[in-house]
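Below you'll find the structures, each written out as structure tokens.
What follows is a pair of complexes built around chain A, which joins chain B in one and chain C in the other.
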Partner chain A sequence: MSELPKARIATASLAGCFGCHMAILDIDERLIDLMKLVDVDRSPLTDKKRFTQRCDIGIIEGGCCNEENVHVLHDFRRNCDVLIALGQCAIMGGLPAMRNAIMHSDAPLRECLDEAYITGKYIRNTTHHVPNDPALPLLLDEVYPCSQVVEIDYQIPGCAPSGDIIFDTLAKLLTGKFRGFERDMIKFD
Partner chain B sequence: MENGHKTGNGVAAPACEVAKVPEEEIAAICARYGCDKHRMLDILREVQDRYRCIAPSTMDRIAAGTGLTRIEVEGVASFYSFLSLVPKGRVTIRLCDDIVDRYSGLDAVTAVFEEVLGIRTGETSADGAFSLETTPCIGMCDQAPAAMVNDVVLTRLTPETARSAAEALKAGQSPEQLVSERFASLTPHERALHMVGNNIRHAGEVLLGPVPEDAGLSNAVSMTPAQIITTVEESGLRGCGGAGYTTGRKWRFAASERAEKHFVICNADEGEPGTFKDRVLLTERPHLLVEGMTIAARAVGAREGILYLRGEYVYLRELLEQVLEERRRRGLLGEAILGVKGFDFDIRLQLGAGAYICGEEGALISSCEGLPGEPKTRPPFPVNRGYLGYPTVVNNVETFCHAARILDRGAKWFHAMGTEGSHGTKLFSICGDCLNPGIYELPYGHTVRELLEMVGAEDAAAVQVGGPSGTMIARDSFHRKLTFDDLATGGAIIVFNGARNILEIVEYYMSFFVHESCGYCTPCRVGNVFLQKAISKFRKGLANPEDIDYLKELSGTIIETSRCGLGMTSPNPILSTLKNFPLVYSAVSKPSKDGIRDTFDIQSAIDGARKIAKRRSYIFDKDFTQ
Partner chain C sequence: MSGTKKETGFTFTIDGIEITATAGQTIMEAADEAGVYIPRLCDHEGLRHQGSCRVCTVKAGGRSVAACTQPAAPGQAVENETQHLTKMRRDLVEMLFHEGNHLCPICEASGNCELQAMAYRLDMTEATKFPYLEPCRALDASHPDIALDTNRCISCGRCIRASQDVDGKGIFGYVGRGIHRRVAVNGENLADTTAEVTDHAISAEVCPVGCIIRKRVGFAVPIGEREFDKGLIGHEIEEKRK
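Up next, the complex of A and B:
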């Protein structure tokens, strides 16, 4: 057991599918090694909803598709020294950003919601309304990659990134040895 | 590429008259060009001129007439900005939207046209009488603001002259009548000069001084092709279009290529904003140009040539056709030129249709072949396999003119002018914030400062050398020399005084490249858009210091990975100003607060959703109450 103070990390899933968080679990038994190096603060993995103290590393899955995503991301930026965008949605907007492709419309967001809830061919929505509970966060005009909303320090590519690349990158960052990715880790075909 | 055929909001496009065009008329147009698919641009231009648009049904007929598929025809028709898939007005007014025009009062002129014609820029009037649009530099920067009205050019517009022109057009006058009441009785040369002034401010020894008729050609006929090439090589002549490739070597490569046919093409697609030297040569030295092409044809063994004239210079078409016809009559073109048996050469005029990219050698050849103006993969180079796959020499207007003079006066005479590595004279087209904009023919080697004194621009703060794809320099570089080895230029020198906003200029030039990218390769098509967005961040004061690194990195990627010269030079406005005006960038960039990006505006991002949900944000609206 090392004498070094443990690093604190926090994670959040924004407009993602939770696949990247599943990939964190793909670290498998090395999680035990990792837990020797870190304490996990705010994260779905611990079910902590708020920061208990300042963190060394924040890991973000998913881009920003609604105001709550932006709020959480701001919160992470303010409370974490290093912010990592994990996976394609956080880096580029990913699959949710497909709705950004509705361009030649006067009301692209309206068009998107209508197709998703009312006019879409395979929709069975007996209310014929777009959900509008006051508790639902407002959607953004388009889906933004994290780097457009806050400064991002590192990006780990992949959809989802492999457990190996996540473990390797975190381990190296924590020991100050990160010098970029090995080629075989970011070669996807 | 944007097609510029949008009709404005709410203005109904007039029903396309083409629907009524009888099939036989389209067939007749195709037949006039031998039903040759390589003449597609001519066919489409004629259809456009006559019926104001190229309608879907017409495309089917053209495809049938030329043996192409409909999509191939549409590919060409949608590529060029002077061709339109929706009907244009009977009179189409294209205001030149160059930065120089903007600084010369374009806004006021635009406002007058919009007011009198009752349409906004980009719209076509409901009765189909007028279209009003903007177009990048039409080569009239020395007499800005300028506009094209159908095939006629109006220059030095003021709100007053714009008003009288617009009112006259509205009263039913033809565009030609705007130029002169006696337009019909003028010679083509007089017509050109009525529309556009030459503004020759300094005539040099080679091109704009006295030039004897066809002296070079008569020397050339007594020489062997090899001797001609050697003479041009020894003169040290380098291409005047911008790239500066050694002309003699280009000719030698083409001549040594064994092929059934060779071609000579003149690049008169002078599209680089701020360049208008070829316009003056085409107006004042057309015979010298054709003489130069004929000499090149003898040197490389070509029997056919093409003069590719940019669509914006359509007002010179008559003049050039007349010159070609006259030379055919005098035995200077056609079979057995100057009585020399076997020396056959003729030239056809190919008109462009508003695409900057066609100034690129490969794209120009594509355009001549009746294809969309997309660059070709190199190698093979045009001298090996160019037009229709045959060895082709493509040279600039000025280069051919020089070549003709070299054959007249000899290589030594030319070689002695200029500097080591940059021999002879060069035409500089100078415009912007100076007293005497126009054409200056000077030997290579003058400093920028000397040039600025000549044109009356002592208060110049920035000079764009070589147009947007060249270099922007500051006062501390005015001692630099205009040569290929120091500051290379295809001729464009644009002067800006201290009152001009450098970032505004850079943003304009980036928007120009975004508009003119042919869209074939991603680095250029997408990268330039990103660069433009990044520059607008700087202009809004939202940029961070690291955005400067982003600009450099992205520019590097675009330059390295683009397919042709457009992408390889399009980041230059940014790179050269970052280098020569670093304070402009650092003054408007600041580190972001807490790592939160100022460029992301949450209020505008949720505004649409607020309206759809009809409620306020519980996170970002401070006065939110349930």
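Up next, the complex of A and C:
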């Protein structure tokens, strides 16, 4: 296996809790085996903010809740041959998507922001405004799963996915042996 | 009729496996006894068959039929786990996920949920082709011991049949038609009804998802140690053949 040229992978966390990136570290000592197969390009793990060259695999945590998430996701699709949605937020919106439907309102985003910054019982916000600094990316009307924004090649389920399923899937994809998940590894929680 | 079988007994096949059935048995009843699992959501042991979720669809004589309501027939060749049927079942289950708000990571039924377990069994892991409908549905927490989160209801009607036939109460019923058909309670809210947490309709086994919630017990068993963390849905039936 070590004879193969190294693959390049990139990762990003969009509207997620960074738990899926923590789960990548749950690969534990097998990371050493994995690093024999890959170089890591743009990723919070390397702190590289831009692609240095085209990547073989892009791994996305989280769905799209703001315009910056959409730009990053498009950038990954343009620069990666294979795009993987990692975890339930990337796959179906996850917890952030609760704001899509659970808020029973005609303007759920407005209601959500008002409660978070102005009307909430335990809020201490002396400006009485929803933060609107130009540096903040604009929120989308809804939280979108990655597959509704770009084409996704593979999805690794879980909240967060286990280190085992992440390692197993990556190792099989990198050696061309991926034929789907073992059923006992599939978990949505 | 061959003389070696019981007078009313006969055989048919499911995916080439010979199954013995008695007159009046449905395909699913005979299959369960023989240790062949046919996926199902709206059907539940001890409740009358409804045949509405269509997850148990099998091919019998080239026709698609619901295995939970279709009587077995002598000599019939039934197809169950073919690529075509598995894909159709997976699409059905996926559409059920999309029709409601099924957020597994926040649901206390996760790991005990038959909808989720069916998605595991049917390998629902590819990027979806269907839109999420994200309906706004009510949460009814009026009852001191029971809550209803209808965001997770799949309209299987198991609570309706359990309440009518087993409890003799008729607390639940369908309202509306077509895609608007929903399960509703017989009153303004659940506190107005005679529902009790000891009812069969409220028991953990009847609601296949996390819609009917018994308060204060949701996380007594932690995530990761629950029913379908221990084995695929249907494995108890399949183990009868081993």
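Going forward, the second predicted complex is superposed on the first by the 180 of 189 C-alpha atoms of A that agree within 3 Å, B and C clash if a C-alpha of one lies under 4 Å from a C-alpha of the other, contacts with A are read in each partner's own complex, and residues count from 1 in each chain.
Operating definition for what follows: a residue touches a chain if its C-beta (ideal position, glycine included) is under 8 Å from a C-beta of that chain, and two chains touch if they have at least 3 such contacts.
Owing to the predicted nature of the structure, the values given are computational and were not obtained by experimental measurement.
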item	value
Simultaneous placement of chain C and chain B on chain A, clash or fit	clash
Touching partner for A:157 - first (chain B), second (chain C), both, neither	second
Partner chain in contact with A:180 - chain B first, chain C second, else both or neither	second
Touching partner for A:36 - first (chain B), second (chain C), both, neither	neither
Touching partner for A:149 - first (chain B), second (chain C), both, neither	first
Which superposed partner A:67 touches (first chain B, second chain C, both, neither)	first
Touched partner set for A:54, first chain B, second chain C, both or neither	neither
Clash with chain C, by chain B stretch, listed 218-226, 398-406 or 560-568	560-568
Chain A residues contacted in one complex by chain B, in the other by chain C	142, 148, 151
Chain A to chain C touching residues, read off their complex	85, 88, 91-95, 97-98, 100-102, 104, 142, 145, 147-148, 151-153, 155, 157, 159, 180-181, 183-184, 186-189
Residue numbers on chain A that touch chain B, as the complex places them	66-68, 70-71, 74, 77-78, 83, 107, 109-110, 113, 130, 132, 134, 136-142, 144, 148-151
Chain B residues within the chain A interface of the complex	544, 592, 594-597, 599-600, 602, 604-610, 612-615, 617-620, 626
Complex contact set, residues of chain C against chain A	97, 101, 103-107, 110-111, 116, 119-121, 123, 125-128, 131-132, 134-136, 138, 151, 223-224, 229, 232
